[in-house]
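Have a look at these structures, which come just after this line.
In the two assemblies presented below, subunit A is common to both, partnered first by subunit B and then by subunit C.
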Partner chain A sequence: MGERFLEIEGLVSGYGAVVAVHGIDFVVDAGKVAALVGSNGAGKSTTLRAVSGLLPTVRGSIRFEGEEISKLPADQRVDRGIVMVPEGRLIFSQMSVEENLRIGAFAPRGRRQTAQTLETVYEMFPRLAERRRQAGGTLSGGEQQMLALGRGLMARPKLLLLDEPTLGLAPMMADTIFEAIRSLVSEKITILIAEQDVTRTLQQASVGYVIENGRIVASGSGQDLLIDPSVKAAYLGI
Partner chain B sequence: MDAFLSGQLLFSALVIGSVYALIGLGLNLVYGTMRLLNIAHGDLMMLGAYTSFWLLSLVGLSPILSLLIAALGASAIGAAAYFGLFRRQIEISGPVEKLEANSLLLFFGLSVVVQNLAALAFTASPRAVPYLDQVFRVGEISMTANRLLTLGVALALCAATVIFLRANIYGLAIKALIQNRDAAKIVGVKVERVQLLSFMLGFGLAGLAGVLLSMTEQISPFMGFPFTIAAFVVIITGGLGNLTGGIIAGFLLGFIEIYGVVLTSQNARSIILYGVFVAILLLRPQGLLGGRRVVR
Partner chain C sequence: MTAAPTTTAPGVTGTWRFPVATLAAGLFAIAVPQVVGSYYVSVALTLCMWIALTQSWTILSGMAGYISLGHVVFYGLGGYVSVVTWQLLPLWVAIPLAGLAAGLFAAIIGAPVLRVRGPYFVILTFGIAELVKYIVINVEATIAQAGRLMFGTPPVTILFYVMLGLAVGATLLAWSVRRSRLGAGLIAIREDEPAAETIGVPVVRYKTYAYILSAVIPGMVGAVMGLRLTYVEVLQLFNPIISFTIVTMAIIGGSDDARGPVLGAGFLLVLSELLWSSLPQLYMVALGTLLVCFVLFAPNGIVGLLARRGGGRR
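Presenting the complex of A and B:
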């Protein structure tokens, strides 16, 4: 078996003494969308945060393009192309939209092409271009999500970690975000997504993992999981 | 009332205000990015003032050149303090409140050590730097060139810092770290490097302010403390971590001090300053210009 793009083995992680993920294994292939599915508190966010380096890897391994990265600090993972768009967006509310985007290109991989990427992001989200001088905190929830996504793209990511990108957004805004995700896939950016809109997420995902109580309890292609009776019962409310 | 409207007072208020803005800015950089309460800030100024004094009296170097040397020296002390004392503290302290408390004690220790070493090395006798102190008149206003120089340099340094924080990627990173530490990590900001930079910049600005003050104030090993207090008044009034708010607050403090003294008496100076400060904290605990910012 050759090297995988992202390979997680026996990952244990959590907040301080509270372990939220108890040894999970999964893989993500290059250029694909992988989805983590599960109820609130199942461990999806913890997993994404561990991959991004915001939370420590207590045990287990995270290999990215064949190299062990679980001990690297967050900024060095960004240097390698792993970029997180966090739940709650965490934009810089007192900085202008454009400053928010420019700081997204802090890592050397993005900094060299700041101007071009900025153009691309503004083309993708014209709303951000209109508001480039406005403070980030004055944007609506949906616009802030665009900003967080745009900021993530400024680093020229290979792997984008999306944590609840449409949580709390109006349906129209959610459509815009899902559309953006589709266009990213066509640009060969790999995506690992945790999202409460299970149906739409699994429709786009080539592989999905169902997490319960910090463990993976089912996996399969997005389509298979969509018709899986237990997934339907638990997450689709059917 | 004539005196109240004179350009003379306006000029004095601008000069002292610009120095307050400068020391507030330096303190804010260290507090904002790392939540470290640097009560040795005024002592760094004191070292800058002595740099100016000794270089002038021993080798005849103009305070204008001392600015550069004091800035470099104070930055080096900042780097040493970061690596020697604070980097580990920031890593291990956990909650912000604990880090603030620990840093207060560490900086207090540093302040006492620096003051006493300075007293040993330089003696406690007050010194002065006579430089560009001839009085001349511009219209109604009599001034000295060193005050004009102080105003010009302090304004230029504040402006340069603000521009750096807007235009440079490391400047943006400092602002990002002040606003949201987790988010800064997510976007790949090299947190350690930016913290070191904030230390060097903050300490360096204190050293520069010290050289400026050496030309108009009496120099002694214990001169720093009132300025530490003034710097804290400035950054709390402007909103902790709010850099431009702090600059405005610095000038505000200068005006309150000068006009307050004119309306009452020289003896009331401290009472006015701290009275206003306490009033602001009672009415607006987030700082006069703190606005929406949540002070953590």
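Presenting the complex of A and C:
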């Protein structure tokens, strides 16, 4: 076996003294959607934040395109193409939509093609183009999520980490977001997604990992997990 | 009129108007000592001092939103360096050395201090300034110096020229940082620090840079002001009123634009010239009232009011 796109081994991470992820292993292959599912507080967000460098890796390794990155600061990981779209959207509410997007290209890898990427994002989300002069904080929840996603794309990611992208969104908006995720995959962007909408996430994912109490308790293709009786019982309420 | 360079982002007009105007004003001000008496030279010196201090302050506190209420610590350290080295080192060594000392101090305390945010940062910076003040007082006491008499300090005209240079330098520095990648990152930190981190802003490094940049010129300003005194007491050099005045000037002028500190410093200085000598109590009342009014009704200061009226450029 050659190198994997993203390979996590024995990852331990958390907030200071509070360890939320107790040694997990998983891989993500290039151009695919990988899903982390599990209940609130299971360690999904912590895992994403550790991969993006927002939280320290206490133990274990994170290899991206064959290189160890677990000691790199967050900004250097962005520059290698690992971009996180955080939970709760965290857009710059005082800045206009366009300013939000432009600052998304802060990392050197995004800066070179800012204008071009901006056009792509506007094509993907025409709603953002309509509101380009509007302050980010005045957008609806769904539009803010589009903006957060668009801002992440401005850095020209290879690996996009999505933390609860449809949390609290109206069903129609959630559809738009999932549609966007599909089109990103067709553009060869790899996606690692943590979502509470387990059914739809697993339908799109080529591989899924079920996390409980900071450990991976089940894994398999998205379709397999959907019919797995224990997953059904725990997360699908069937 | 200067031609706008072709490389600037769309929507930025009159890009070079501000630095050109700053330099022109600076060159013009060289004539001040030839035109007016020594009293007004010292007023001009004071104006330049406040412009330099407030501009420097905005690099951290305006752009990154980390409000420092202890900026006097850099001024005081710089002043102490120039007082201690007076007649040992020439002016052109002592003043940069004072700036270096202030920058070095910011670099050392930056990492731990910049971990706290909001009101905690405000209180911490204030506390550090007081702490350093008492450390220096104790150092002076152990070497049996209650105060220092200064002999043969440079004439006010020379000090004015140095301070003018610092004011122009600080203004140009604040202007160029705001337009740089560092400035964009700092503004992102101010708007939402966790979000800034996710888009790849090296937050810890940028905050430290901003802290150092905001400290160096106040260090040199303090060095010049130390030489203005004939009898130096440490309490004067680390007077917290200096920190408060910087914040007041930034609020009244507006800290989101390099014109703000110039307007704020000018406005407050004129006010104090008019009121301080005749009605000192009224000055403090007027200052307090103004500050409250600006915070409530014009949070972006005079610059914000002008922009609202003009409806145009920000």
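The working rule: the second predicted complex is superposed on the first by the 238 of 238 C-alpha atoms of A that agree within 3 Å, B and C clash if a C-alpha of one lies under 4 Å from a C-alpha of the other, contacts with A are read in each partner's own complex, and residues count from 1 in each chain.
By our rule, a residue touches a chain if its C-beta (ideal position, glycine included) is under 8 Å from a C-beta of that chain, and two chains touch if they have at least 3 such contacts.
Because the structure is a prediction, the values reported are computed rather than measured.
Q: Once subunit A from each complex is brought into register, does subunit C clash with subunit B or fit beside it?
A: clash
Q: A:38 contacts which: subunit B (first), subunit C (second), both, neither?
A: neither
Q: Check the residue A:106 against both partner chains and state whether it touches subunit B (first), subunit C (second), both, or neither.
A: Once the two structures are laid over each other on A, A:106 reaches both partners.
Q: Tell me which partner A:137 touches in the superposition: subunit B (first), subunit C (second), both or neither.
A: In the superposed model, A:137 contacts subunit B only, not subunit C.
Q: Identify the partner contact of A:214: answer first if only subunit B is touched, second if only subunit C is, both if each is, neither if none is.
A: After superposition on chain A, A:214 lies in contact with neither partner.
Q: In the overlay, answer first, second, both or neither for which of subunit B and subunit C A:94 touches.
A: After superposition on chain A, A:94 lies in contact with both partners, subunit B and subunit C.
Q: Go through the superposed model and pick first if A:157 touches only subunit B, second if only subunit C, both, or neither.
A: Once the two structures are laid over each other on A, A:157 reaches no partner at all.
Q: Quick one: is A:75 in contact with subunit B, with subunit C, with both, or with neither? Answer first, second, both or neither.
A: The answer is both, since A:75 touches subunit B and subunit C.
Q: Touching subunit B in one complex and subunit C in the other: list those residues of subunit A.
A: On subunit A, the residues that contact subunit B in one structure and subunit C in the other are 52, 54, 73-75, 78-79, 83-84, 86, 90-95, 103-104, 106-107, 110, 151-152, 154-155.
Q: What does subunit C use to touch subunit A in their complex?
A: Those residues of subunit C that touch subunit A are 181, 184-185, 188, 191-192, 194-195, 197-202.
Q: For the complex, which residues does subunit B have touching subunit A?
A: Touch residues, subunit B against subunit A: 166, 169, 172-173, 175-176, 179-180, 182-191, 292-293.
Q: Any idea which subunit A residues touch subunit C in the complex?
A: Residues of subunit A touching subunit C: 52, 54, 73-75, 78-79, 83-86, 90-95, 103-104, 106-107, 110, 151-152, 154-155.
Q: Subunit B touches which residues of subunit A in the complex?
A: Residues 52-54, 73-75, 78-79, 83-84, 86, 90-95, 99, 102-107, 110-111, 137, 151-152, 154-155.
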